[in-house]
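Every chain is named by a letter (A, B, C, D and E) in the order it is written, and numbering of its residues begins at 1.
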Amino acid sequence: MNGFALLLVRDLRLALRRPADAAVAVAFFVVGACLFPFGIGSESQLLARIAPGVLWAVALLASLLPLERLFLAEAEDGALDRLALSPHGLMSLVLAKACAQWLVVGLPLLIASPLVALLLNMDVNGYGALLAALLLGTPTLVLIGTVAAALSTGARRGGVLLALLALPLDLPVLIFGAAAVQAALVGDPIGAYLQVLAGLLLGALVLTPIAGAAALKLALE
Amino acid sequence: MSDFIGESLACLRGERPVFAGLDFSVASGGALLLTGANGSGKSSLLRVMAGLLPPTAGQIWWDREDLAREPDAHHARTAYLGHLDAVKAALTPREDLMFWLRYRAPHLNAYSGRIRADEALAWAGLTPLADLPCRVLSAGQRRRLAIARIAFDETADLWLLDEPTTALDANGALLLHDRVALHRARGGMIVAATHQPLHWPDAQTLDLDVLARRRSDAATRGKYFDNVA
Amino acid sequence: MQFLANPARFLRIANALLPWLALITIGLFASGLYYAFLASPPDYQQGDSVRIMYIHVPAAWMALMSYASLAVFALMLLVWKHPLADVLARSAAPIGAGFTLIALVTGSLWGRPTWGTWWAWGDARLTSVLVLFFFYLGHMALTHAFDDATRGARAAAVLALVGVVNLPVVKFSVDWWSTLHQPASISRIGGSAIDPSMLTPLLLMAGAFLGYFLCLLILRARAELARRKLRVLQLLAAERG
Amino acid sequence: MNGFALLLVRDLRLALRRPADAAVAVAFFVVGACLFPFGIGSESQLLARIAPGVLWAVALLASLLPLERLFLAEAEDGALDRLALSPHGLMSLVLAKACAQWLVVGLPLLIASPLVALLLNMDVNGYGALLAALLLGTPTLVLIGTVAAALSTGARRGGVLLALLALPLDLPVLIFGAAAVQAALVGDPIGAYLQVLAGLLLGALVLTPIAGAAALKLALE
Amino acid sequence: MSDFIGESLACLRGERPVFAGLDFSVASGGALLLTGANGSGKSSLLRVMAGLLPPTAGQIWWDREDLAREPDAHHARTAYLGHLDAVKAALTPREDLMFWLRYRAPHLNAYSGRIRADEALAWAGLTPLADLPCRVLSAGQRRRLAIARIAFDETADLWLLDEPTTALDANGALLLHDRVALHRARGGMIVAATHQPLHWPDAQTLDLDVLARRRSDAATRGKYFDNVA
């Protein structure tokens, strides 16, 4: 088995040893989404209007939170040095980490999203677009978050810094993702939006290993 | 027969000079012990040797090949034991060993990796704990696990050990001693930083305190300043 | 309480109790369901949708009751260091969460025909029950979030005690704020204001839910104790080599 | 100087040595709030309607983010053991941590809130209520977050778990805080809301040291 | 003259018995060395002695006062050095020492605390680094800082040291040796876990390996098992 697969299996094992972990990220997604109706009040009309925006914003935050310790945990216990000293190189390390993270957090978010949409009174004809957009968007969010996590590992500042680095980069995903759902709700075609999301995903897939590996190299010294 | 040579190495950490004008050389089967007071730069030198920290000046060669040119090849042949043990609390010692042995040696498959891991566990005296999560390990048990990863890694020609006997009991130190002899007999090299006498036969010693005195010479200092300002 | 401190004794008593409890629960369910869906009249205003009440109200009561029991187990664990408290709390939380979920879903199904909406965010009763559900979720997450099971249990116990502030809010929210939800009519001081033909099935169902809770609690606690014993045996075996 | 003051000074020093930290929490607040105009589209009518709710929800999330490492950092490097072994007891430790946290994160949020209100098109006559409500509400959020941080110290995935624990307890603050601003916007009196917020703050001040100390004691073993 | 006594102590960690039936006693000016193989329970015992980990069975007395009754008083008189150094990367060694010395000894004000901290820095050989952030410290320098906090803390009657010489060079070990003698001369007590010989005069030794053998007796095991199932 190559280094990528070995790392992926190890990370999944670490995550799945405690299935509660993934559940907790999803729970944050659900609870966080409920905050907005609490704050805004119960006019279901209004809620339905802002549902796509809220959904995406909370999905973004939920996917950001657990990213913090992605590399920091490895750096703090000395594992990062040893992962770097291997025949595999840092790029496969970055990609394996991102993949494991999406499987553990992104996928459950995707599965829970219809429930949140229901809580927010979203119209049923937006569900398909929501799932498609999240399917294309969440991997991008995770990939961008992985680079930010690598960058903030060197800085040893963790959480908030990570959010600050990732948020501006995540904005396009958020905008097009929410726009796709919005379009579906009013009956417009969503193909163009999904294409943009797919393009963003492709770009992230190409750039993440390079940028992530460069950032990690800094964290090693 | 390979050799590992560094010439007039200098290291700055956080803008402070740690050592300068340092030379070392290790041949196949050789061992180099780094000694020196606290803060003399042993750990920094080990990181430089591993290629984790680029030296500020000087070159390192492996078989006359400049390290800076081929960092990946050097990473593949180097095993590094730092002050920290890199033990994940949720994995078991067996899983930990299987992962690290296979991550470093891509030719091991699940089956041969497992056999090798079991061998390493038995060596470290961790077989009874093999299937418990590593969080229950004591400081010395963790150190044994961290050493076992290197001691049973056949792909590494160069071992870099930072105070390997930390937290080990007498028996643990003996185990390490034997394994080091085996590695050297196979033609491997070892560089170890230590404060305890290790009693490895024919080991050279590099005392960084001597260098530190040299560094504080006005001449060296002038040279350092020349490079900086 | 202390005489149950020995897990073996607890198991003996619980095992003896379980078949009877199960029988009573089945009986109560059978009669309760019969009265609720066949032998009671439809409401003159709500029609047949009132029959949701026979699930909704007992589930809501049990949601509150389970949380109260969780708090008692938490006290037992933190103050009296009762060895079974951890097992019981760990076993009760998911059951309580289930009841809360049932109350939420049935309430929301009932709300559609009667209030014209599934859910109202501004309603204090509804939101405080949702918060109750979150407390259950937090309790379960915290219990399982630590490498060391005893630590998880104690941290969850602290949370359970903190969450007690929410119980009076759930109970009295209908009196303190103007809500869509109706105030207490059965469980109020000064007698119930409900027709006996509806009260009978309601009480039968409430008894059935309570029995169901106790049966599940015993079953789950038994499984948890077995799991523990297994772990100790594994550890001892591991140590022997 | 007593233990409380010493700890407060130390924590402030640690935080101010990195002024980026406070800045970053505020930046998250601002950027997070900006997501909504992006996600929803900038119809200023709708935006202004949801502004108080969004503001409070984002402030809540921003105050949660940096809490994760409040005690975890101390536990991981062994300082928590030593802080516990002192003549001062755990309660003053919990309170000092919460105070420092509010000064470093809560206060800057308060100061930045008018800017965010402006970004969200909020009407000017809500600003006074917003500031008053945040002044009473953010300390409660921080106190509740401190207990949640103490509870989740040493847990895997601390951050997400912390959020899950703190959110339900934070809800009343959110509801009454947003309601106060909403009331001010339509010209209603806000005294009652502020009283509730003050009451919540008082309750949190009394309960936090007790619950927090109990939780920390568990983290020691 | 105070004394510190433990009787038939038992400790479970993560459901696993670590030791049972352990007795110890230390008198004013006494030193107790804990030895034993890796994983024999030295660190666990130190945490029990500090009151950080409640023992599963048995009692501990300080001057015939049960520890479980007065945990706060015991916390105030105990100084603990664990495997980890509790050094904050962003603070300077001087700030670190001033905080810890004053946190433990409320009678020190900013001025006297600073004098004391400078004394401690000079003792540890950290004066040249006093105003740099601690993240630049080497492993041994961190350890020296962590020890200095205890060595210059006059409020602590009981020192609990977990492998204090880890990462220290020869000079560092000597410094510690002297300070320990001073503490004992003043009537203080010390319990230290160690794998290295410490050469402290008149120190008693408690070997946990002997106890471990006792623990594996069928009798002890049966007793433990009763409590669980």
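Everything that follows uses one rule, which is that contacts are C-beta pairs under 8 Å (C-beta built on N, C-alpha and C of every residue); 3 or more make two chains touch, one makes a residue touch a chain.
From a predicted model like this one, the values you see are computed outputs, not experimental measurements.
**Student:** Strictly by the touch rule at the top, which chains does chain A share as contacts with chain C?
**Tutor:** Touching chain A as well as chain C, we find B, D.
**Student:** So which one's got more C-beta contacts, C-D or D-E?
**Tutor:** D-E
**Student:** What is the distance in Å between the mean C-alpha positions of chain D and chain E?
**Tutor:** 37
**Student:** Measuring centre to centre with CA averages, how many angstrom lie between chain B and chain C?
**Tutor:** 57
**Student:** How big is the gap, in whole Å, between where the Cα atoms of chain C centre and where those of chain E centre?
**Tutor:** Here chain C and chain E have centroids separated by 47 Å.
**Student:** When the C-alpha atoms of chain A and chain E are each averaged to a single point, how far apart are the two points in Å?
**Tutor:** Distance between chain centres, rounded to whole Å: 44 Å.
**Student:** Note the residues in chain B that touch 2 or more other chains, in rising order.
**Tutor:** 83, 90, 135
**Student:** Where does chain A touch two or more other chains at once, residue-wise?
**Tutor:** 18, 24, 27, 31, 38, 40-41, 76
**Student:** Multi-chain contacts in chain C: which residues touch at least two other chains?
**Tutor:** Residues 127, 134, 137, 141, 145, 147-148, 235, 239 of chain C each touch two or more of the other chains.
**Student:** Can you check the complex and tell me which residues of chain E touch chain D?
**Tutor:** Interface residues on the chain E side: 47, 50-54, 72, 75-76, 78-80, 82-88, 90-91, 95, 99-100, 102-104, 106, 109-110, 133, 149, 155.
**Student:** Help me check something: in the complex, which residues belonging to chain A touch chain D?
**Tutor:** 18, 21, 24-25, 27-28, 31-32, 35-36, 38-41, 46, 49-50, 52-54, 56-57, 60-62, 65-66, 68-69, 76, 157-161, 163-164, 167-168, 171, 174-175, 178, 182
**Student:** Any idea which chain E residues touch chain B in the complex?
**Tutor:** Listed in rising order, the residues are 13-14, 16, 36-39, 43, 83, 125, 129, 132, 135-141, 143-144, 163, 166-172, 195-196.
**Student:** Within their complex, state which residues of chain C touch chain B.
**Tutor:** On the chain C side, the touching residues are 147-148, 234-235, 238-241.
**Student:** Could you list, by residue number, the parts of chain B that touch chain C in their complex?
**Tutor:** 89-90, 127-133, 135
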